[in-house]
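Dropping a structure here in structure tokens format, bear with me for questions.
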Amino acid sequence: MLRHAGKRLLAAIPLLLVVPLLVFLLIDLAPGDPAVVLAGDNPTPERIAAIQARLGLSDPVVERYARWVGAVLHGDLGKSLMSDQSVMEMIIRRMGATMSLVLFAMVMAVVLGALMAILSSLRPGGVVDRLVNWLASIAIAIPAFWFGLVLASLFAVTYRVFPAFGFVPLSEGIGPWLSHLVLPGVALGLLPAAEVTLQLRSALGQVLTSDYILNARAKGLSRRSVLFKHALKNACVPVVTVFGFRVAEVLAGSVTIEIIYNMPGLGSLAVDSVLSRDIPVLLGFVLFSTSVVVVVNLLVDISYGYFNPKVRA
Amino acid sequence: MKNVTTPPDDLLDAPGDPYAESAGTGILRGILRRRSTIVAGGFLALLVLVAVLAPVIAPYDPNVQNVLQRLRPPGSGHLLGTDDYGRDVLSRLIHSARVSLQAAAQAVAVALVIGLSPGVAAGFRGGWLDAALTRIMDALMSAPSLVLAITIVAVLGPGVTNAMLAVGVIMAPRFFRVSRATTMDVRHETYIEASIALGCGNLRTAVRHILPNVMPPIVLVTSVSLGAAVAAEASLSFLGLGVRPPAASWGSMLSTASSNMGLAPYLVWPPGVMIFLTVLAFTYLGDGVRKGMLRSRSASGKGE
Amino acid sequence: MTARQQEADARPLLEIRDLTVEFPAPVGGWTPVVQRVSFTLGQGESVALVGESGSGKTVTSLAVMGLTGVTGGRVAAGSVSFDGRELTSLPEREWRALRGPGMGMIFQQPIRSLNPAYTVGDQIAESVRRHLGLNRRAARARAIEMLDLVQIPRAAERVDDYPHAFSGGMCQRVMIAMVMACNPRLLIADEPTTALDVTVQERILRLLRDLQEQTGVSLLFVSHDLAVVAELCQKVTVMYAGEVVEQGTAADVFFRPGHPYTSGLLAAIPKPGLGTGRRLATIPGSIPAPGLWPEGCRFHLRCPHREPGRCDSVRPDLVPAGPSAQARCLRVSEIDLQGVTVA
């Protein structure tokens, strides 16, 4: 089990190395002098020179990349071209909001998705089943950021049920933290919840016709305990597998949601860094998101062993 | 981790129908049997018409500002109201259809170019070419998509074309996987082997015999991807990484709505509903295509 | 001994009368898959339900277990009584209490019948805890005891293994352990050895026979293989196209078959000692699907003894065909059928 996880972790390292390399290569391959491009729309010669010096643009791309990797291994992500702040500190300061948001959305996806899928499996083909299926396939087409806008406009601006904007860290109490997360979290969680619903529903549908379910009924177990004990755990296998990909999607969606709700998270940092072409910050964000995806995939792999004992061997 | 079943992949289990033409009409008939597919297709056709005729249909110039008419709620004169520069929302909405559809088409075209021919080549040749291309596409797929898009836009600069280039690159692995798998399935069918044995060149074999088999699943992926591209364009434009002002797209209109939420909540609805309906229509169309293909396949299977 | 007790002892454990089971037809409506099936099974008896796949054996046994609804069908008519109790109208709650301590079932695909996500010990303990009310520890001890009983080596260790760590034959032993753990009165074995290697088949059959001797459990043995049935059962019911075509004691059915279908099945048994050069007899054609059953005798299309104008128009009834046998054949007294010949 541990060896399996270790192997997966080793396999993930190339990804952590390759994605930032891609950024370096793109900067190098982009038409024009990178320093001029990065200096923005109306560059002064001083600024161009400063960027050139800061990023070491006179060196070959491989050397710059190797230097960056070396620094990262020492915990140094460099400094922002704009604010001169340490990128590592900027990321740590803004991590809380993003992680809270993503966590809320994923928990909602699992809880709501599982609930809906179970409800519809109680009576396959029944009214509830068809309603759930219909709702989920509609929810999948709703863009998260629009849903976020609608929720904000309805529940924060028109009816002031929830605070409209900002973020309160968990350290200041679970109530304020949660109340600031509800609207953006629901907006972000809707799509993965719908996906979990559809996926788990179809997985349950398949599992429920299997031989071991019939056998469980032949043992005298009730429909309910067969569904919850015998079917659910097996139906989770395909759902868990896809879950890792969903986290990357949710992380992507959090960028727009953070901007709508004015949350001081990594998404707004990333967008600002793109608009101002602040490469060190962008690289920091790239590394952070890739790490999150890698870690989540690792967790998914480990939990996969719980749901599917075969892979443990 | 590799055995993820996404809807497009169901079709990859069986090799394609060698009689691609008759299969095509069979599929079309299968697709048109479903009412939801017809409605979705009809909506998209109408949308394309609106996009093409935008300058004729739109009541106002979408970019003309009128400070006196700022943030007028929907009503006579301006059916859907005006935005913070006094521009007519309906006209901007109509013109945005153009931007959005064009952008989606661009992204999917990029994905097709990057994904389809390498996919066919990898499936056809196998060996080191296949291994190398598959490795690259896998890496592309496992990288966080938004990070890639943001990076590409960061380097190339904001703008619809650059943003859609980024989206296209991100979507390319889907096209690659589907075309590779289908090609591999068909590759060893007797009629392909025969064609090669008869001295048809590789290119000729690929174009004449493999492409017709690869097309049906590709059409399906295209349909689903167009919807995804519309949504992606909207969120990138919303972030200011896509369309450049003063031009409008549904995403940038929502950005305007976001900053005027308190004064003009009505601005949130029209662009959002359009994005939603367009994405939904592409999804249903894709679903219809998939079911139509499954139906025609099972029907032809029974006949054998 | 009281009169009531005497009555209970004489009463068959399982009595099926005119059982008809239907499944939804693809075009709508319901198609009968099993029609007017009747047979009885006495206390401690072994009865075989024989026929090719598609004859309705499994559907019949699932109806006895009350699991027809779970597989999408319905019991349209007839009665199933177990120990004098009518089951077709039994509420689900009482059914659940009966499955396990009353009757248990093992299936054709042992590997697929075990839940891959739980250890075999968990799965055995689950029924024990539910039906015998044992606590966790006692249930586990019972699971080990049962694994030992079905001759799984190192039972105390294997109890914590997952099904994928067991071979097909071992999985079937686990299934038997699971079912027998609740001391059922009736064991239904649906083609329990079909998916297994020949050598393993033999061992599983011996295990079933041993268990029956030890516990006195009654056995409903479903199989297409008459050779296997001969080793295990006292009575045989032969099914074809959803109905009983012949029933009687094993001796009657094997040595003096009354139905050409039974005779055909018997001819298809490979016999040791006959040179490899001889071709094994087969019954031509295949069993018609439910809803496509022909007029007259359902077997007439494949029957070497059919009489045109009669067998294809008149529906035969079950008629006496020997000292203790019945056959559904119009020509039962006219034809001379080959049974098993003792070499």
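Letters A, B and C mark the chains in the order given here, with residues in each chain numbered from 1 onward.
Here, contacts are C-beta pairs under 8 Å (C-beta built on N, C-alpha and C of every residue); 3 or more make two chains touch, one makes a residue touch a chain.
By chain, UniProt protein names: A = ABC transporter permease; B = Glutathione ABC transporter permease GsiD; C = ABC transporter ATP-binding protein.
Being a predicted model, the structure only gives us computed values, none of them experimental.
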Chain centres computed over CA atoms; the one at greatest distance from subunit A is chain C
Larger contact count among A-B and A-C belongs to A-B
So, in whole Å, the Cα centroid of subunit B is separated from that of subunit C by 55
CA centroids of subunit A and subunit B: separation to the nearest Å works out as 23
Taking each chain's mean CA coordinate, subunit A and subunit C are separated, in whole Å, by 53
Note: subunit B residues in touch with at least two other chains are none
Touching subunit A in the complex, subunit B uses residues 1, 3-5, 139, 142-148, 150-158, 227, 231, 234-235, 238-241, 254, 257-258, 261-262, 265, 268-269, 271-272, 275-276, 279-280, 283
Per the touch rule, the subunit A residues reaching subunit B in their complex are 14-15, 18-19, 22-23, 26-27, 30, 37, 137-138, 140-146, 149-150, 152-153, 157-158, 238, 241-242, 244-245, 248-249, 251-253, 255-256, 259-260, 270-271, 273-275, 277, 279, 282, 285-286, 289-290, 292-293, 297, 301
In the complex, subunit C touches subunit A at residues 65, 67, 70-71, 92, 95-101, 104-105, 107, 109, 112-119, 126-127, 130-131, 162, 164-165, 175, 178-179, 182
Per the touch rule, the subunit A residues reaching subunit C in their complex are 210-212, 214-222, 229-230, 233-234, 307-310, 313
